[in-house]
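Below you'll find a set of structures to go through.
Okay, so subunit A shows up in both of these, paired with subunit B first and subunit C after.
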Partner chain A sequence: MAKFIYIVDDSLTMLMSLRGTLELSGFQVETADNPHAALQRLSSIKPDLIITDINMPQMDGLELIQALRAGSQRFTPILTLTTESQGAKRDEAKRLGATGWLVKPISSADLTAVIRKILPGA
Partner chain B sequence: MSRNPVPWRSWFFVLLTLLLLLVYLTPQLLGQHSSTALLALGLVACGISLWPHRNHAPVKVETSESDQQDILGLQQTPSALQALLTSFSPFASLLNAHLGTTTRMAENAATSIMERVLKVNAMSEEFLENMNRCQESTREIQKDAEETVATSHHLLSEMTTYRGQREERQQRQSQAVLDIAAKVESFTPLIEIIRNVTRQTNLLALNAAIEAARAGEAGRGFAVVADEVRTLSNQIEEAAARIEDSVHLVSSTVQHQVTLLDEANAHTQDEMMWLENINQSVESLSEQFKISVKALGDVSNTTSDAVGYVRNSVLAILSHNQFQDIARQQIERVQEGLSLAEERFRTISKSISHHDADADAVPDLNDVIESLRQGYTMKEQEDIHRSLVQGEEVDFGSLHGKDKLPDIELF
Partner chain C sequence: MNPLLQQFLAEGRDQLQQMSESLLALERGEQSSEHINELFRLMHTLKGASSLFTFPEMTSVLHIAEDLLTAIRERPAALGRDLTDLLLECLDFTSLLLDEINQHDQPLAHGEQSGQLCQRLQQQLQSWNTKVGQNAPLQTQEQTAQPVPTQQPATTATSRATKQAAEHSDQSSLADHRILQSIPEALRQQILIESLHEPELNYIVYRPQAQCYFSGEDPFFLARQTPSCIWGTASGSSQDLANLDPYDCQLVFHVLSRASDIELQQHFQYVVEQIDVAPIDARQLIFLSSQADDQPLSQETLDGLHSLYVSRNVSGLRQRLIDILGQIKTQTTTASALRWLQCAANHAPDSPVMEQTWQLLTRHSQYQPTQPGTIQHNDVNDEMMQRGMQEVLATQRHILELDHNTPWAKGRLKAAANSLANIMDATGQSEQKHHLRQLLDESLQDFNTRSMISWIDNLLDHPVAADQEQTAATRRAPITSQQAQQPSSPSTVSSPAPIAQGSGRQRTNPPAQPTTPAQAQVAASRSEHNVAAEHSGRARMADNNEPELTPRSDNSPRYLKVDQEKIDRLMGLIGEMIVARNRLPFLAARIERMEGGRGDPVLRELSRDIKEQHSLINRIAEEMQDTIMQIRMMPFSSISMRFPRLVRDISNRLGKQVRLEMEGEETEADKNIIEILAEPLIHIVRNSLDHGLETPEQRLRAGKPAEGQLLIRASQEVDRVLIEVNDDGLGMDPDVLREKAVEKGLIDSATAVRLSRQECLNLILLPGFSTADTVTDLSGRGVGMDAVRRAIDKVNGGITISSVPGKGTRIQIRLPMSIAATRVMMIETDGQLMGIPMDQVQETVRIPQSAIHQVRQQQTTVLREQILPLVALNDLLQLPISTRLNEDNEYAVLVIRNGSEPLGLLVDNFRGSTEVIQKPLGGLLAGVTAYTGAALIGDGSVVMILNLRALL
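Up next, the complex of A and B:
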């Protein structure tokens, strides 16, 4: 059965790029264009992996990670995918329980390789 | 009061900013960090040039003595300076609107490109799927044809064996029938002999009857015998005639049977020939079909390679389209810089209008620049900032520059 990946990013381009890449690679994908909608949806579903942007206007990706870890997605792997280059934010993401830190742009091969490392058998 | 001219340097930087904006808006250059950096530099330089600042030590933009005099001249004509400063707001709004439009256009173009390439990919994969189904069908047809040929070969072989056995049996039967016919025909001379004997016997009986009549009463008994002999002889001749008819009938029947056997043998040969022809036709058809299947297989493999190439290209295009999000964030920083510059102009204008041209009322330029810097999210933005504002030497092409975090890191 295809692994289920949930993506949160305020950029329509990023959502389409990631959805296309992952669906072509055999994953089931659902997306949200803002963290509030993501939090609401993720309270009722259990994806195998969550990918989130960090710099979003409605809510910071770090806040989203914190809320998810405190709520319904305590053990779900969470990857960040961001243009952010500040080490402090990376460290904060790690402290809050993120599984990994990816920098945009990321190639399809790198993205699927990282996901398959986190989700063996995917 | 005389109107002081706007310093040439101010207009130069405004024009430079416009020029850089035009370069930036050129679609072919979208996503190139250098154009964003040039625009940011232009804006910063424009801001620096248009008003005096208290402390510009960290900024590596130097002003000449004549420029300072121009600025001082403007300070002596507050209304002119105020007019210049307030005129920047609509200009900033215009630039912001252009940048916003650029971002939307780039996003629309990027999503449209991705939609189209995903559609192309879906169609090419559907085509390959159909091709594979077609190839699978032809493989099944080829398998059926090969089985038909094999069955036909087996049938032909059995028919050949059967035909040989049947021919042999027919030959034996024909020979046996011919032997019977020959034996029956061999009765014909015997019938002639019987006829000769009966003719002689008849003649003898006639002579005996004449002699018996001449002997009178003494020959009466002999005449009866002679008469009986002649009757017997006639009966024998009639029997011989019937035997001869039977021999002819048997002979003609046997001949007819031999003819029928020959015809049946000829038919068998025809059937064998037809079967062989059909077999050859099926075999030829099967061979031609095999060639077609191979050609279809080659086309299918080529198509599969092409679809694989399309798929990899689509994945690459999807990845490369992420540039739009990166460019958007860079443009947003430039828009933020514009807003900061506009705000600063407004503050200066306000202080002039209140006849309070004290430089302390105006936010420190370094604070403004630092505020802009706080919004940076990318290493490239930091590098440009350090290079242009702090004068540091930065290797923009380096993948392992100062403070460079790994692009992929699992905790």
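Up next, the complex of A and C:
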């Protein structure tokens, strides 16, 4: 069965791009453009992997990770979307329970390679 | 254009707009970290999205701008005008590029401009950093060092690993050895052979954090996926069972890989601090697999081999080895030594490996009597057995000592008793089992295990405490240090599972390896307990969260971005449905007209049902239409949001002080209306700033406050939207306007005299009218207020101007809220039905033929003591037919507004008014200006909607 990836990013462009890449690689993708919607949706579904942006309005990615780890997604791998300059945030996210990170901009080959490394059977 | 790019453009524009709002808010002194954070976030997001495409100029400008914002954010202070200007310029530049992308799919090249922008941003960044530097030197240092940290973790780990490899090269080879022993001999030989060509061989120790499962990590999978992995195993770290948390990861992975250090760092990038990588020489893998059973070679045989070896007769040696190996048992240490020698002879007869393997054989076979003796296996085994048994006993004792006030205590006791019984069997003391059962039964009744414990103490022939201490000590000690003394003691916990082999999966070690069934039981029940706790905890959490979550997410706006075309299509469909609905009454009427229709109760009922359905569908359709129209509604703020920026820029450039106020930004109107409004409104605002409001000096001289007022207000009237632009500037003098108009030859002086004050003000709406003496680069671009009027006319809007000289000017624009549905007056001419928008119709009158007079070329009549010029619609449409009269010799006259003058339109007949959905003309008809569009009406026929403004 196709692996199910859930993506949270306030940039619809980024969501569209990631979704396109991942769907082409055979993943099932669902997205949310704000962390609140993501949190609510993720209380009822179990994706195989969650990818979240760090900088978001209302609630940033770090808070989202904390909430997910304290709640419905204790064991789901979570990757953060960061840029080259966000080393500190990335480490902070890791400390809060993120599994790893992706560095924007990311090529589709790199993206799928990282995901295949995180997800058994992907 | 590809949808991703479209999305980027749409989103990018939104973000630019929001950024400029934040910037202006900051400039106004709304000093808050909120704005600067927002600004930073948007810039960051936009830059991130832009890097998905190849727009290097955009990305580089945004990148430096982001850096600048980062610096500003870290030490926020009031942004100066310069900085705000520069950042706004970046936004403008990006906006320009977005427009170009929209047109050409690619931005044009702006090498110089973008280069300059980058340079200026860089300068600002530097000067900001120096400024900050003076106050907080530490922070600057951190900042300049920023590009490096991303690589730091990797570097640290590598250097740590290398350092470790260098410092402890001896020790680590020893340490590895114990683990390496579990590599099957055949595999070791294969690795050795391959290493002759491919020397890169790394030994990786990966110690996942205990809490790693809570970070979504899968250490086993990660280890398994090690690039160029040859072999691997997992060992459990030994830990006191009572304190063991089954949710902790207890595993340590050992992997042999041909991948380079860099590849490995890359693979383990998220856990780089948890791995150690050390290069390893394949020759370390050359050692014997000791077997319990052995079959020593005779002195003679060894001599034979020796002579072949020293004479370098490789082929002879190979042959001899095959012979000998065919004769002895394969599962012996000697056979192992021979196989190593064979391996070397076959693959590396000239390398040091050859000698090493020869040594292996001679040492094992004591071929040279000086070699140390072989291990006495039987003794060791006895000793081992003893030691193992004692440890099992001690462990059971420990279990029995635990707190038994738990639901699983019963199972635990039984399991411990089972283990003890098994030991009795193994040591030939089966007669003790009966006694043991009695003790167990007693213990199970009151959970008092003292009798069982003392029974165990009797079995242990030396003090238990000491034994326990020792056990604990061995457990605490790192595995690596044990192998020297205890080559294969069962108390060292690891039972390695080969990973690289096919059967790897089944043999994965559990987090801890319980040595006895009893311990397994403890671990299992403990984990069960934890799972249960986990479950209840999770359930609680879910309960708590539910009421909290729901309202929270309701607060956040939930929007759908939908292609406008889809909404338009929906609108079109609902229009068609309304038309289809209107067929129903016709159908009902037809049934009634049928033979016996009125008399036949069945048909009558059918007709009534159809009418009922009609009213039901009618209600639903109208509600649907309403809803769809609401979807199309946009707030006035979607265009007004650009005004703060516009007003700021223009007033700065003109050296005027202006305070902009906006009201009613939430007022909604159809998207098309709002969009059409945008351009005219900008023009009006520019006019106000340019011609209306005075410079501070002028204002002070006139006794007004230096700061001018500009008010833009939107509000809703019954079915129209009213937009007002008020300024408290110079105002307009009707007499001056009158003179100007005559001067420019727009009207003759005779007409000018007759004009009222209001009419004079309306003169500015005429094409070619401009009041300013000098043309500035702002408003006097030859696009005058006539353009404004044209745009507003297009959507059937109206414009009203009022002004008081010296006090200010007010311009009011009224627009329909929706252009989707139009109310039209249906008229008949030349046997055709046509529609005229109701808002142009003032009244309908019947005028006797006798009341019509010819004044010069113009037909006129007098209506309520006013002269009303008349035009025949047939003439306008160039139909060669004269207008029909009714039985009473009267003309049907539609009084319409033509600018400010009323006009009578002669038509054949009126047919009442109706609501229609207009569709623009397409294809060949698109160029026909006489009609604004076509619409379907109830009986299914098409009606053309006249464009009177074009006709007149």
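Definition applied: the second predicted complex is superposed on the first by the 121 of 122 C-alpha atoms of A that agree within 3 Å, B and C clash if a C-alpha of one lies under 4 Å from a C-alpha of the other, contacts with A are read in each partner's own complex, and residues count from 1 in each chain.
Convention: a residue touches a chain if its C-beta (ideal position, glycine included) is under 8 Å from a C-beta of that chain, and two chains touch if they have at least 3 such contacts.
For clarity, every value in this text was computed on a predicted model and none was experimentally measured.
Of the two partner chains placed around the shared chain by superposition, subunit B is the only one that A:Asp110 touches, whereas subunit C remains out of contact. In the superposition on chain A, A:Asn55 contacts both subunit B and subunit C.
In the overlay built on the shared chain, the residue A:Gln66 is in contact with neither subunit B nor subunit C.
In the superposition on chain A, contact is made by A:Ser85 with both subunit B and subunit C. Contact with both subunit B and subunit C is seen for A:Trp101 once the two complexes are overlaid on the shared chain. Touched residues of subunit A were counted for both subunit B and subunit C, and C has more of them. Contacts of A:Gln28 after superposition on the shared chain: neither subunit B nor subunit C is touched. Once both structures are placed on chain A, subunit A residues 11-14, 16-17, 20, 55, 83-85, 87, 94, 98-101, 103-105, 117-118 are touched by subunit B and, in the other complex, by subunit C.
Within the complex, the subunit C residues that touch subunit A are 3-4, 7-8, 11-12, 38, 40-41, 44-45, 47-49, 51-52, 66-67, 70, 146-147, 149-150, 152, 213-218, 221-222, 225, 267, 269-270, 538, 541-542, 545, 549-550, 552-553, 555-556, 558, 561.
Residue ranges of subunit B in contact with subunit A, taken from their complex: 107, 110-111, 114-115, 118, 121, 311, 314-316, 318-326, 328-329, 376-379, 382, 403-411.
Across the complex, subunit C is touched by residues 10-14, 16-17, 20, 34, 36-37, 39-40, 43, 49, 53, 55-58, 69-78, 81, 83-85, 87-88, 94, 97-101, 103-105, 117-118, 120 of subunit A. By the touch criterion given at the top, residues 9, 11-14, 16-17, 20-21, 24-25, 54-55, 82-87, 90, 94, 98-111, 114, 117-118 of subunit A touch subunit B in their complex.
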